[in-house]
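In what follows, chain A forms one complex with chain B and a second complex with chain C.
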Partner chain A sequence: MALERIWVFGEAGADGGVATITLEILAKARTMADSVEVFCGSDGEGCAATLGDHGVTAVYATGPLDGALQGVSVASAVAAAIDSGAVAAPDAFMLGTTYDGRDVAARLSVKLDVPVLSNVVDLRLDGDQIAGVEPVFGGATNVTSRFTGDGPGIWLVRPKSFEPSPTGGPPAEVKALAVPDVGAAGGAVVRDRFAEESEGPKLDEAAVVVSGGRGLGGKDAYAMIERLARALGAAPGASRAIVDAGWVPYSYQVGQTGKVVKPTVYIACGISGATQHLVGMKGSKNIIAINKDSEAPIFSIADLGIVGDVHKVLPKLIEALEAR
Partner chain B sequence: MKIVVCVKQIPDPADPGSLDPDTKTLKRDVKLIIDESDSYGVEMALQLVDAAGGGSVHLVSMVPNREVSGLRTALAMGADSATLISDEALAGSDALTTAKVLARAIERAEPDLVLAATESTDGYTGVVPAQVAELLGLPSVTFAKEVAVSGGTATVRRQTEAGYDLVECPLPALVSVTAGVVEPRYPSFRGIMAAKKKPVDQLGIADLGLEPGQVGWAGGGQEIVDVAAAPARESGEIVTDEGDAHERVVAFLDELKVL
Partner chain C sequence: MLRILCCVKRVPAPGARINVTADGLAVDAAHLGFTTSPHEECGVEEAVQIAERCGGEVTVLTLGPPEAAEQLRYAASVGAHRGVLVPADGGARDPQRTAAILAEAIRRLESADGAGPFDLIVFGNESADSGGFQVGVRTAYGLGRPIVNGVKGIEIDGPAVRVRREIDGGFEVYEMEMPAAVGVKEGINLPRYPTMKGRLASKRLEIEILDLDAPLGGQTMVRLRRPAETVSETAILGHGPEAAPAVADVLESLGVL
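Coming up: the complex of A and B.
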């Protein structure tokens, strides 16, 4: 038995189009409900064609937010539309585990007084109830949960859990979603936006990812990771340990806190394989690990494990690859 | 300036233990420590109070079992005082319930600024900070990688997928900080000794006007229906480097046709 209606939070990608995470969730939501609609904190016209192509019938759009934050604006708009009876509540809300997705989910859960289930990597229907799967202990254990109360539950879905799949549908119908006055809660304003240009492919889109960890020994040694990544046309990544230590920015982090990556090849250099890290990369098709400690947990999931010093192996590897 | 920092006490992530087969939640009968993610909020608060030329840093934490050792660590770093909401009824609380409890305790402190980590290391729902802000009617800036406060306004660099947004936010407000935003100080011996005498106000849920049915298992709107081992990933070939292991890596990359 399918659900009637699921609402999916629509986010913009870096290129201004619909974000991949939104398309991923749509592909799954479509298999669970007769109708899938999108709500978003932006102009709806620009994304109606893409969303329609991914099976969306209607997009409820606030229009440009002029610097107001997505979380408070979108959650307030959705709650107001439902509370006023302008729009019927859906059977479920689904959002990506992203910066704005978490904000919207959190604020919406308070406004509607419904719970949130986070970090879901799979969803299924048990009769007319949704059950979601969340990995714990670095992905070694899967916990399946569902909501028990009335009203639509809110699901936060991790990126790369599903594959986008266009249906070739007509453009989604654009409907207005009015943002009410949110008072003091709406006080934060974006004054400027900055892009941090990184060379080469994006971490969560790259076919090859090269990550460094504490085994590098120091911040300067991270240059080896960047050079190896360049030689491979790969994206450089990092373990939480070296992000915490301030060697590289937070945006480099692969793991539970950080990005989920599923490249063709993941090369872990000087990374021991804490559960925090494994949950973000164990879906990679092939894993190569280079670490001094033969007992490091990373070797238990590596397709090719090199027990050796990164300071000895990496320079030779870089040289060999650059020579080709 | 008065800053409240949300602090979670968790099992050591290096030895996270296991799920209780009956309740299907993380066993917390081990010694709890401060979540390292929260040490950044504590450090940030101490630095902001310094920069403001005065003020106080108050910690708020909740546990089911009266544990204070993680709070003592944060007090040893320099926080002034703490509120611990400790009540057996809190066991099993979901994110929204947690936010409701924390919000009531934070409200009593009347802070100018509330700091939290972006998410805990164990539960990692990532929604509690913004839920607390919504419950208190505060603006929030989450995923901060840099924070400055001046003239009643917080200026925050907020992490985005593409880079960062420069966000201005009037106080009072809530800000969640990413790991690495500052370098947490190590408690000094003097700090550790002083922490033992700092006030830790212990409250039960009744003190916050809540009843057992509103929190914990009873108050949560979700249930775990299954716990299963994930399909294991087989480990593959292990090579000990004798000076030529890089050749094996190149050959492997060749086999995968990524070169």
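Coming up: the complex of A and C.
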């Protein structure tokens, strides 16, 4: 039995179009409800065609928000629209586990006084209820949850849980979502915005990721990881251990409290494979591990392994790759 | 003098093998290590650094079993001045209830000594066990204070606080008048290790107990389950540097060269 209506939070991607995470959630939501609509804190006209192409019938848009926190404005606008009866509450809200998605979900949860289930990696219909699967304790345990109360639940879905699938539908109808007075929550005002300069592919989008761990022995040895990454057009990554040690910035961290990556090839160099790290990369299609300890846990999930000292293996591998 | 409050949660040590109790509704804590949630460890460090820089007092607040006193002592060992424990059983996965209790506890602490609101309340962005992203925001709304999440930098500027919020591919800088709240992310700093002096101070810390009760929220757990351990066959390509050409071959066959 399908639900009537699901609302999905629409996010903008880096290129200004609709973010991949939004398209991923739309693909799943469509299989669970008769109609899927989008709500967003931006201009609706620009994304109506793409959203329609992914099965969305209507997009509720606040228009550009200038200096306000998107979460504050969008959550207040959605709550006001529902409370005033202007829009009927959907059966569920779904958002991506992203910077803005999390913030919007948390504030929406407060404004509508409904709970949130976060970090969901799978969703299914259990009769007329949604059940979500969420890994907890760093992926060591899975929890299946559903909401028992009245009103819509809010689901935060992890990126790369579903595949986008266009339907070729007509452009979504654009509807206005008015932002009311947001009270004390509006006390945060943007003063500045800046982009981080980065070379090469982004860690969570790269087809190949080369990560280094404690086995490198020291900060200087990380240069080998960067060189190997350059030779492969890959993004360099790191385990939490060497981020904590200050060898590389936190933005390199792959794992539970870092980035979740699912590249075609993941090369783990001198990484023992703590659960905290495995959670962030176990979805990679091909995992290659280089570690001198043949008993290291990384070998329990790697497809291919080299038992050897990274200091000896990596220079040879870089040499072999640069020669081709 | 700035008054900073930092909220922390006692969680199973990340990465530990975690067993579920026979009824499938709780974590079997018999053989488990516990710690402060990583983002909150950074929260305590940040609060202490701000207090050292600008002059101030750091109070650490936690909700949990009596053993959560350990997390308060840890905070004291790295520089926090006060530790407050609100006894609570279960409810770990009910952020509405947790936030309601925290907001009430904060109101009591603020009215108790007539000192007025804490200038800054520091939350961890999310906990390591349930990762709900809820408690900070809910508590801040409950207290009627602005909050910015995903914070990777804090600067006190007179009556205002400026925070760097991480976004996709960059940062945004927000400004709030204090009293205000922040949710900080791991990476904002590198938490210090306790010194011997800190450890001694933590032993002497008088844990303040605040008894409260609050209604249940709307979230219940259906069941906990250990995922099947996926053990893949690792094909060992070779030992040492001689294996390098074989890896290059594999990468070529996968089409990533």
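One rule holds for everything that comes next: the second predicted complex is superposed on the first by the 318 of 324 C-alpha atoms of A that agree within 3 Å, B and C clash if a C-alpha of one lies under 4 Å from a C-alpha of the other, contacts with A are read in each partner's own complex, and residues count from 1 in each chain.
The working rule: contacts are C-beta pairs under 8 Å (C-beta built on N, C-alpha and C of every residue); 3 or more make two chains touch, one makes a residue touch a chain.
Bear in mind that the values here come from a model prediction, so they are computed numbers and not experimental data.
Enquirer: Based on the shared chain A superposition, would you classify chain B and chain C as clashing or fitting together?
Expert: clash
Enquirer: Is A:106 in contact with chain B, with chain C, with both, or with neither (first, second, both, neither)?
Expert: both
Enquirer: Touching chain B and also chain C: which chain A residues?
Expert: Touching chain B in the first complex and chain C in the second, residues 14, 69, 71, 98-99, 102-103, 105-107, 109-110, 113-119, 131, 135-137, 139-149, 156, 183-196, 207-208, 232, 243-244, 246, 249-251, 256-257, 264-265, 274-276, 282, 286, 288, 294, 299-309, 312-313, 316-317, 320-321, 324 of chain A appear in both lists.
Enquirer: Give every residue of chain B touching chain A within the complex, in rising order.
Expert: 13-14, 16, 19, 24, 26, 36-37, 94-96, 99, 118-119, 121, 124-131, 133-135, 137-143, 145, 158-170, 173, 178-180, 183, 220-230, 233, 235-241, 243, 245-250, 252-253, 256, 258-259
Enquirer: Sort out for me which residues of chain A touch chain C in the complex.
Expert: 14, 69, 71, 98-100, 102-103, 105-107, 109-110, 113-119, 131, 135-149, 156, 183-196, 198, 202, 207-208, 232-234, 243-244, 246, 249-251, 253, 256-257, 264-265, 274-276, 282, 286-289, 294, 299-309, 312-313, 315-317, 319-321, 324
Enquirer: Under the stated contact criterion, what part of chain A meets chain B in this complex?
Expert: 13-14, 19, 69, 71-72, 75, 97-99, 102-103, 105-107, 109-111, 113-119, 126, 131, 135-137, 139-149, 153, 156, 183-196, 207-208, 232, 240, 243-246, 249-251, 256-257, 264-265, 267, 274-276, 282, 286, 288, 290, 294, 299-309, 312-314, 316-317, 320-321, 324
Enquirer: Okay, in this complex, where on chain C does chain A touch?
Expert: 12, 14-18, 20, 27, 38-39, 95-96, 126, 128-134, 136-138, 140-141, 144-150, 162, 165-177, 180, 186-187, 190, 217-227, 230-245, 247-248, 250-252, 254-257
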